[in-house]
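Take a look at the structures listed below.
Both complexes shown next keep chain A, but they swap its partner, so chain B is in the first and chain C is in the second.
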Partner chain A sequence: MEEIKKESKFKKILSAVTTYIRGHVSDVASYAGLVLCLIVFTITSNGRLWSTYNVSVLLESVCVYMIVSLGALFVYAMGYMDISVGAQMGVYCLLMIFIINATGSLLLGFFVMLVLTLLCGAFNGAVAVWLKLPSIVTSLFLMFLFGGIQYLMVESTGSSIVSTDYDFSIFLEPWVIILSIVVVAGVVFYLFNYTKLGKYTRGIGANELTTAQCGVNTTKWKVIAYMAFGVCVAIGSLFLLARTGSAGKGTASSYAMDVMLALILGGMPLSGGMKAKVRCALVGSFTYSLLSNGLILSGVDTTLVYFIKAIIFMIVVILSCRDRSGLLPR
Partner chain B sequence: MRKFFKKVLLFVTVMALCVGIGTSMVACGGDGGKVLIGVGLYQDAGPAVTATKAFLGGLEDELNCKFEYTTLSQTDEAANKTTVQTLISKGCKGIILTMDLGMSSIIAECEKAGVYIGGYLSDYETTLDSIKDNDNFVGTVVDGAYRGTAWGEHIAARVIAEGYKNIGMIKFPAFAFPHQNEMDTAFRAKIAEYNETAADGDKITVQATTTELNFSTLEASYFSENPDLDAIFAMCAGVDFVYPTMVSAGKTGIKLYTAGFTTSESTLADFGEGKCIQELVFSNVEAITYPVVMLLNKISGNEFADNPAQAERVDSSQIIIENSADLELVRTKSIYCTGKLEDAFLSAADVKALLAENGGTYAKLVETVQSMTIDDLAAL
Partner chain C sequence: MENETILVCKNIVKRFGPVNALNGVDFEVRRGEIRGLIGENGSGKSTLTSIMAGMQKATSGTMEYKGKPWNPSTMEQAQEQGVCMILQESNTVRGCTVAENIFAGQISKFSKFGVVNMKKMTEEAQKLLDSFGVGRIRAADLIDRYTFEDRKMIEIVRSVSADTEILVVDETTTALSFDARELFYKLMKRLAEQNKAVIFISHDMNEILEQCTHLTVLRDGDIIGHLTGEEMRQPGAPEKIRYMMVGREIGDAYYRSDYDTSHEEEVALEFQDVSVGEIKHFNLKLHKGEIVGFGGLSGCGMRLIGRAGFGLEKLTSGSVLRNGKKIKDPLTAIRSGIGYVSKDRDTEALILSASIADNITFPSLDALSKFTFIDPRKEKKLVKREVDRYLIKCNTPRQLVSTLSGGNKQKVSFAKWTAKGSSVIIMDCPTRGVDIGVKQAMYAFIAQMKKEGKAILLISEELSELIGMADKIIILKDFAVSGEFMRSPDLQETDIIGSMI
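This part shows the complex of A and B:
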């Protein structure tokens, strides 16, 4: 009799675990992905992953991804995306160099960049709504515009690279990087979970029509969401520039796709909605940086790194996006 | 909130476990006492890459080192810094880079980590002045000659001798290859000198403004804009950026003098007397001996008695292929084509003998990387 009781208890636990996993596939997949990366790369890199130097390198590279991804969370939660972010960051870095070289003031450079990011955010959000265009179209326009500006800015100098002698070393100090990530993540966590901004952006992603019919001015919140993203892009660009103190035609070009990949690796549904969480940006950015760093440290040929990343990405997308009907979400 | 703390606790536990395992593995691990040297190349495949890897692979045992390869970005300096950081994380004590994009931050990173940097087939045009006094930079070996004057004059002499009268000019942008301007000027000066004494019917016309290719293949419209060409001097890598357009536009009747090389049989079939391609040039992969030796000297704490006070930019000799016999020689005897270490100008023992600890001198090292011409290949 006791054995039967034990068996039924075990079955109950098993069923509870199975139900939990089924209901939280994306959560489990993203955490499992991160843990798996940590364990596998710790072993395959002969422990080099955790050398003091490599941890500081990881921090440096994860910082930009994490800050930008945290901002992108507001946009992706609405089911939208912004593919202009890479080109924008390239131009902001160049602009900041020009301003710093001309005035010596980092603060002025950052302020100008912040204003521009807010304007671009407002443009991205508002134009898409007013012209009833998919957000990707307006961001595509901005991507080409900023790509062209970036090219012309570098060409105008007659060199392939523009640099500044400004001392950015403070931005590369691990404690500054960690503090910045914690502050940005804290603010985003608060905004996303405890304010109208987070609730409405997730609401728009879940069902825009219902959200609008509940009396929410969706246009206004879309613009605000894009502007919030802009603030994070400005901070991310500052840290990116601090890494090298220089910028060129290709600076940040891969960030648009990298941020999207990081969010998806973190379990962010492409359709946005209520399953969008701050941890998608945190876990995803860390996993993405870890993948790039860990694969090389493990001795994987650089020609295979993209291929392996693509396979891992595909597996995570299939695992995290598959809904109960067995179909990928829209 | 409790859930959140549980997650944080779990994450911290996993991290702590990994750090613990990792630290103990670092303590136990190693590369068998071999010195690790990173090599950042500008592309990840192709005959030059294969030959470079074959040459360096053959040096590993003799020099007790191991080479780690990676690919650099030609446009993103932050990506290059990340690449260098990863090489340092892997344990590289020296790094060879084929470009200087992002160099100021890279050299600062190397200083911090106690790692040395050397250049290969790159003139470090934009950064050499600022890093030549840096103790962590050992110098660079150029892709051929730093000054392009000699080759420009050489091609002009060939064009004059072979009797072509209408010459097209193509090059890469000056910001990336400033010395192609020198080639251009030297070529034009030599032709102008010839025209001064030539009869009216023998004068040579050179395209007024040199066409710049922004690292993309030549547009077919080039031939309608320059309809009467009988030869083209492509200072850029013409086999990749000019010749394909000549083929697709049906203009292979025009003669092509260009830098660069290919192992593509279909392209090489169009080389030689009476065919389209008249001249090919490539740098020897063995030129990498310069940064390898300089880095190993630094890492082992040895120095040449005649070591220069500042890190230098050193020219390397190139293989200039002017006729079918030269091409055949390269195809059968050069490591660039065969991929075999035994076809290299230098054996592992030769390279070892160049090290300071084995009595090598800086003058001998420089002389070695400048003594690898087509004549030297024939004499091997």
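This part shows the complex of A and C:
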């Protein structure tokens, strides 16, 4: 009798767990992916993953991904995307170097960059609405525009790489990095869960028509969402520059796609909506950085890294697509 | 004397995924009867008849027609054998002539070596039209020239032929004018007299009681009972039938019981010389504590009025005013206290992938937000109040709206605006796709709102709902007001129908 009871209790718990997993496939998959990466790379790298040096390298790279994808959350929650971020970040790094070298003021450089990111955000958000274009088209335009500017800027110096001697060491201090991540994540968490910005962007992603009929000026909030992204892009660019101290033609160009992949790895549906969570950016960007770092540490040939990323990406997409929410963008 | 049975259904089961539309229904059609089928939305009436008429297949069960196994694979096949169904939705092909529509699927009858003899076909079609008493419809004309109800008549002419043994009529009459209805009833009687059978689906109790010789009541995929003509004529029959449909006492308080059309003097919402779409220079004053109903055939423009009132349409002239301020968009509408329950519940009114709580608070977020902060405790309190008020059936307010039944979804759609404290509520078909039990609750809420001094604009396709609830009924026809009726115990649907068509 006792035993039967125990067994039925166990069955109950088991069925509760399976229904939870079924309802949260993408959540579970994203955490499982992170844990799996940690375990596998700890073994394959012979523990080098946890060496002091590697942890600090990892931290520096996580920091940029995390801050930028935290900002991207607002845009992706609407079911929109921005593929111009990489080219933008490249230009911002160059611009900051130019300004710092000319005036010696990092603050001025950062300020100019912030203004530019906000303008680009407004452009991405507003033009897409006015011309009734999918957001990817306006960001495609910006991507080529900034790519061209980046090329011209580097060409104008006569060398292939531009650098600055400014001392960025304060931005490489682990406590500064961690504090920055915590502050940005905290602000984004607040905005995303406790203010109109987060609720409206998710609403736009889930059902724009209903959201508009609830009295939401969708154009205005789209612009605000893109601008919030812009602020994070500016901060992220600062940390990126601090790491390298230099920039060239190809700097940062992969960030737009990296951010998208990071969010998907974190369980973010590309169609946006209610399933968008801050966790997607945090977990996803961590997994993504770990993947790049761990593969190289484990001695995988760099030429193979892309293939392995592709396979992992496929697996994640297939897993998340089984979830009925759908992952495809509009 | 029992008439000869013509069609027998045995243990018919129909499943749509996990939903059982029919759980083992036994049903018989006899010659010479006009059998009414009645039941709530989703009770399985249309499913049952569409299986008989070959529109879809049963999951299991057998049918016998004229003593032989009956298993039609298409509607055309069923029709050839004499089982015809006239559908709720219009089913004619635009851009073709009336004759082509009538003989669609039988064109080969008139063709030789791949060439169709159009003249002969048109002549034949005209003969048919004349025999049905609608000779004013010319067979050679394009079908687009005719109105919705003429097209319905053409459909009937197409379906019914000399070989027709069973005619299934699925809520067709709601779309027809008074004259056309009469014509239609005559046709049904004639078929019954010719010893054929008619299955008649309708929501209109009076129509069923007047026209049918037998009645079958369905509920949740089961046949609840059969009534003979005698039982149908007995006093108290409507109450009995309604009880069978719902499975519990509905009571007298279905619609509003009072006939008090008084309201406050204050104007809550004013349409001033409003032109929107094809509606020109429309004027209306909606007062506090007043329910103004809008009715008409679908496509008459009544939905536009509701949308304009909520700032969803661009006005070409005039303005919609609330407290002297213009309503320009949903934001100004909501801020001034207007709410809008859209007819398109799943695409416009609700975010299906969001929780009940998120849906209810959405229009209120603007007001809840203090220095950008939205207090989750305040949200929770608001949601609890509304869930309790409407008795929304859910495990937790965090449950997704997509998991709710139609009636509960509609309650959430209402709750959005009571949560916001809206004092003018525009409702577009608020009880569409909602069954009787929830309907009754909705009517009680609407009556309560009137008592609280709220102004209500009720747009409805159901005349009985307008007669039952509105203080004033405005009927639109072709985008213009064609009639106005005040609430009264004597007001009948037949009084209104004339101005609809």
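Basically, the second predicted complex is superposed on the first by the 323 of 330 C-alpha atoms of A that agree within 3 Å, B and C clash if a C-alpha of one lies under 4 Å from a C-alpha of the other, contacts with A are read in each partner's own complex, and residues count from 1 in each chain.
Everything below uses one rule, namely that a residue touches a chain if its C-beta (ideal position, glycine included) is under 8 Å from a C-beta of that chain, and two chains touch if they have at least 3 such contacts.
It should be emphasised that the depicted structure is a prediction, and the values quoted were computed from it without experimental measurement.
Trainee: After the superposition on A, what does A:Ser105 contact: first (chain B), second (chain C), both or neither?
Mentor: In the superposition, A:Ser105 touches no partner, neither chain B nor chain C.
Trainee: A:Asn207 contacts which: chain B (first), chain C (second), both, neither?
Mentor: Second partner only, chain C.
Trainee: Just to be sure I read the superposition right, which of the two partners does A:Met274 touch: chain B = first, chain C = second, or both, or neither?
Mentor: Only chain C is touched by A:Met274; chain B is not.
Trainee: If you count the residues of chain A that each partner touches, which comes out higher, chain B or chain C?
Mentor: B
Trainee: Which holds for A:Tyr194: it touches chain B only (first), chain C only (second), both, or neither?
Mentor: Only chain C is touched by A:Tyr194; chain B is not.
Trainee: Let me test your reading of the model: by the given contact rule, A:Ala247 touches which partner, first (chain B), second (chain C), both or neither?
Mentor: A:Ala247 contacts chain B only, not chain C.
Trainee: With both complexes overlaid on chain A, does A:Ser8 touch chain B (first), chain C (second), both or neither?
Mentor: neither
Trainee: What is the shared patch of chain A, the residues that chain B and chain C both contact?
Mentor: After superposing on chain A, no chain A residue contacts both chain B and chain C.
Trainee: Contact residues on chain A for chain C in the complex?
Mentor: So the residues of chain A in touch with chain C come to 191, 194-197, 199-200, 202-203, 206-207, 209-217, 273-275, 325.
Trainee: Which residues of chain A touch chain B in their complex?
Mentor: Per the touch definition, chain A meets chain B at residues 31, 35, 38-39, 42-43, 45-51, 53-54, 57, 60-61, 155, 158-161, 163, 240, 243-254, 279, 292-293, 296-297, 301-303.
Trainee: In the complex, go through chain B and note every residue touching chain A.
Mentor: Per the touch definition, chain B meets chain A at residues 7, 14-15, 18-19, 21-29, 44-45, 69-71, 73-79, 81-82, 85-86, 88-91, 101-102, 104-105, 113, 126, 174-176.
Trainee: Using the touch definition up top, name the residues of chain C that touch chain A in the complex.
Mentor: Those in contact with chain A are residues 310, 312, 329-331, 333-335, 340, 342, 347-355, 358, 362-363, 365-366, 369, 372-374, 376, 416.
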